[in-house]
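Single-structure report; data block below.
Think of it as A, B, C and D in the order they're written, each chain with its own count starting at 1.
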Amino acid sequence: MIKVGIVGGTGYTGAELMRLLVAHPDAEVVSVTSRSDQGRPVVDIYPHLRGSVDLAFVAPDLDNLKDCDVVFFATPHGVAQSTVPAILELGIKVIDLSADFRIRDVAVWERWYGQAHQAIDLLERAVYGLPEFNRDKIKTADLVACAGCYPTSVQIGLLPLLEKGCIDLTDVIANSASGVSGAGRQASVANLLSETSDSFKAYAASGHRHQPEIEQGLADIAGQEVKLTFVPHLLPINRGIHTTIYANLLDTSIDVQAVFEESFKQEPFVDVLPAGSHPQTRSVRGSNYCHVAVHRPENSNKVIVLVVEDNLTKGASGQAIQCMNLMFNFEETTGLKSPGLVP
Amino acid sequence: MIKVGIVGGTGYTGAELMRLLVAHPDAEVVSVTSRSDQGRPVVDIYPHLRGSVDLAFVAPDLDNLKDCDVVFFATPHGVAQSTVPAILELGIKVIDLSADFRIRDVAVWERWYGQAHQAIDLLERAVYGLPEFNRDKIKTADLVACAGCYPTSVQIGLLPLLEKGCIDLTDVIANSASGVSGAGRQASVANLLSETSDSFKAYAASGHRHQPEIEQGLADIAGQEVKLTFVPHLLPINRGIHTTIYANLLDTSIDVQAVFEESFKQEPFVDVLPAGSHPQTRSVRGSNYCHVAVHRPENSNKVIVLVVEDNLTKGASGQAIQCMNLMFNFEETTGLKSPGLVP
Amino acid sequence: MIKVGIVGGTGYTGAELMRLLVAHPDAEVVSVTSRSDQGRPVVDIYPHLRGSVDLAFVAPDLDNLKDCDVVFFATPHGVAQSTVPAILELGIKVIDLSADFRIRDVAVWERWYGQAHQAIDLLERAVYGLPEFNRDKIKTADLVACAGCYPTSVQIGLLPLLEKGCIDLTDVIANSASGVSGAGRQASVANLLSETSDSFKAYAASGHRHQPEIEQGLADIAGQEVKLTFVPHLLPINRGIHTTIYANLLDTSIDVQAVFEESFKQEPFVDVLPAGSHPQTRSVRGSNYCHVAVHRPENSNKVIVLVVEDNLTKGASGQAIQCMNLMFNFEETTGLKSPGLVP
Amino acid sequence: MIKVGIVGGTGYTGAELMRLLVAHPDAEVVSVTSRSDQGRPVVDIYPHLRGSVDLAFVAPDLDNLKDCDVVFFATPHGVAQSTVPAILELGIKVIDLSADFRIRDVAVWERWYGQAHQAIDLLERAVYGLPEFNRDKIKTADLVACAGCYPTSVQIGLLPLLEKGCIDLTDVIANSASGVSGAGRQASVANLLSETSDSFKAYAASGHRHQPEIEQGLADIAGQEVKLTFVPHLLPINRGIHTTIYANLLDTSIDVQAVFEESFKQEPFVDVLPAGSHPQTRSVRGSNYCHVAVHRPENSNKVIVLVVEDNLTKGASGQAIQCMNLMFNFEETTGLKSPGLVP
């Protein structure tokens, strides 16, 4: 039984880590920090954890984390990079759910996140936490930078096509939509129910932070640059990301369904639906699965890939636990096999 | 490992049984019937069960159920009563989620359900499946009539007050609201998203089928008749029942918070929230817990009880599995301890 | 054509005043104030008003309001009372949508709103803005305190029963539910879509600010004290209030449907539905109508009244314009006859 | 005052025609047909029209329509074509909201709609009802085939770029999402709230009926074939379509914002938002406006166009009335200037 610490436990990804780890037989959460709510029982803020989590939030001090085997950072961008070095020095593994260690090019990171990076020397050490591409490296890593929510869906949707070299790399489009929980549990006008429900919109259509992360990931997979157009949208739902990918096949005679099935046949959490299917975000609500479907419009060289995931699970906390399982040599699926909640 | 059959697997309570039993270490679903969809893989209709359920629907024939240790009926009212006798004769235990065996007075049943009852002689043998009141009888039953969704919330909310004799039994009001999944997975105009979302209404305000069931249950608890006014409402949500109960205290000096905490302190699935709390349906979304809170308005003899449950879980399939655990002498909470899904 | 000023134009009731007044042939909005957003075009914040409203927000100074014939206060509680005296002195009529002038007993107001009242001498002068009860006084008022959203629904639902003396005044229950827009357009965690959607809860079950306002109103109608139990709930919808009222008939032989139809037959905005109906909040979405239905459960002395309104329209801005129409001797329904938006 | 008939009044577009025509000073609905609900008051099915519409549904017989000046068909596909010829012969103008007369190539129509066309000779006479492209022809038409909901959003979003010849016509992508009301008011499992809420999915990703209509329209605008990839998605909202268009600019130095503003500057219902904006579907909820925004991602030849409309208003009934206004020489905006309903 390993001991787990969570830094930033009042946010949704922190709460999701706790919810999922309740079912994990080999890991126990021993410490959950919150700067603002220290001293309060976790269940004060998250009554759904009553009966499952008995902890109170503690201050985010090294002292409260030093007995852990692994610490998850479920913090806003910019927080992990100031604390992670000290934790690693204690021999504790770190899994960061924020964007702090995802982008290797520090100039790109600093441009998109608008601040100086405080742990530049760790950027090389950090392993990008997308098991479907990076499984072996994750197994031996002590610092994992979990793939972001949108980036996970786009990379999984393109992985078979890139690995097989099926598509034109100069023009790939990812049209994504996320539930509101992706914006976190922050007081804001923009994400009130009265502002977002019964409505839909794009945002950041001219450029979004996740774009450089995705492009780096796609280039790693393809072995060369991939030119991506990415537009995120805001769905009036709690959880779920749906990505619709448009790419141009180099050879239209290829059986794309077979390419996808072959590519993912060993993957425990990527499920290629039967030909003709349309995945729904609710099918993976609360679960760590991705559902993927591939379509070929008539008389066209286009391939359309549909990917759904739960942004808080496979897009964040579930993926982080999947990485933890790999890092600690547990069965990769341990604690993560629950089906989605439908309806 | 017991073998489980589910009659009526295409409805929401059938799907919820399958979802929950995936996590049950001592029970395995071996047969799921559907008259309309026999031959189709379960995951065709319920893709959230991909990776968890490999069965195809079979015809609702005795032959397909005869190897089961227990059969759940997740069917519309009127179906179970025609098949249950034959199943019981095979020595198979039956847990009925429909209303067929809930009401002992056959005339009342026939009036509210508009049909002749076909298994009248089983009405006495059936045990009402509300573990919080009937635990011992359920343990030895071979036919359990699971408490309905609304009735569970109302009875749990009133149980401490009735057992302690704290309230005037001539005037109790239960104002309930349910998510749309309570209406089942039937083609209908009334339950389209376009007809129910972003809206709210009462229904059956002059009289609802669940009223005689609730009144029977309250009388069993109180040992005498309880006069109930019950108005259900339709919430634009998937899952969840919220019941607000109004009753008149006989003695206003009583500490109702203590009464509730004392009454439920041994109950694994009824959680009395701290004084001043307001339970939310989402806190128990997908879980088998009830959250209960008690309020006392100033200068008044009223006691207000707030109860939430998931209508498909504690209000149906979770409760049915809780009964199964009792009937087979498993730990009562086996397979049912998952926290709610938030957000 | 009268000139209208709106103080507090960035909130939902301010926006709703603008939306409704676009269609008013005899009133023109000339000034909309906002402390935080002065200088910004209204349509920056409310793009739905593009093509309809060309104003920019101005500072809430007397100078920006002095040419108005009437000024609406769509401000948080406590704001109007400091500015209204100066505006009235200029001979400008005031319609206050906040609670500042609704409660005649200043001690009660100060207790529930937690601050000292700054315009106590105006409390007597203010006329309570519920046209269905106070029409004649509103016509000659220069300061109208619009009835609150919940209070409007409860008072309208009880008005026929109180005027006819049909019910026991010692035990009336109003179980209300409101859409999230009732909480206003304030940054908050509690009202995020991720916190409120797909969920339902009661709040303030031990006592809510609107209770003294409602009790005052009911006493005015009944001519004596009415003992009310009031529990509000939060609906995961944008707009709409649904109130379910429970009262005890003194004489169960009375035809309550006829009492309601008779009582409201001249009312332009209160519509008694046919016997057996269940009003839906969506039917009055964006409209100034109330729909009311009355039910009589069998074998009971209870009468159940169901009332729906749009909290931002009949519960706030529509009612305010209805009052304005009365105060300026316009046809009472001018600009307010649009049907609800369905679906 | 012209006399209006509506064939198919129980569906959402029929109800929307009634809602909008209440506010039209020059048109009066005199006849609303329904095969299934003849004899029932309209407000039985649509209580939001109480106080506005006093009609009962009548049989869809010629006799019930013969006194009309114009008849709207708000019927499922395949219905209008059998009745329209007889109505036109009476000298009555027809505005068809279904797809029956939208596609000039009868073979294409028959392939996608799976039936033989019954009024082929009218296909040439029918004028495609998209005022932004076809205004002059609509003015003199006696049979207008209103543009479909998705097609309207795609054509408006591309119109400036096609008219100016700015983009590569061999690769245009329209990623659209529609509210559930687009599926109509039909009993179905697929569109239950329990099946669609809190979820999102694509559908018909391999080919959708609206594609040939859109391609025909784009070719008419461009004067040559346009190769379109179109994927519709289902939003868990009542009303609203959002289309995200991706195209490749031929000359990246062009000022696309200026192209759009110039192109639509005279259009009463197409509103180009300021540069950098992201339109929301709710801003046009219940209104006849389209909001359009244009984006240019960095270092790319892509242009991204965002378009929102209400699928029942500008995407159906509002557009139909806009056409009616043109056909009867009324001011084009008559009865259609209401702002959207927010929140």
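Structure notes:
In this section, a contact is a pair of C-beta atoms (placed from the backbone, for glycine too) under 8 Å apart; a residue touches a chain by one contact, two chains touch by 3 or more.
Note that the structure is a prediction, hence the values are computed from the model and not measured.
Across the assembly, the mean Cα position most removed from that of chain D is the one of B. Over half of the residue numbers found at the chain B and chain D interface occur in both copies, marking it as a same-residue contact. Chain B and chain C have CA centres that are 38 Å apart. Rounded to whole angstrom, the centroid-to-centroid distance between chain B and chain D, based on C-alpha atoms, equals 45 Å.
Inter-chain spacing, taken between the CA centroids of chain C and chain D, is 36 Å.
For chain A, residues touching at least two other chains, in rising order: 12, 181, 194-195, 197-198, 236-239, 279-280, 282, 285, 343. Residues of chain D touching chain C in their complex: 12, 15, 19, 22-23, 46-53, 181, 197-198, 238-239, 271, 273, 277, 279-280, 282-287, 289, 291, 312, 337-343.
Within the complex formed with chain A, the chain D residues making contact are 171, 173, 175, 177, 194-195, 197-203, 205-207, 227, 229, 231, 233, 235-240, 242, 244, 246, 248, 276, 278-282, 285, 293, 295-298, 300, 302, 304, 306, 308, 343. Residues 12, 179-181, 183, 185-189, 191-198, 236-238 of chain A are the ones touching chain C in the complex.
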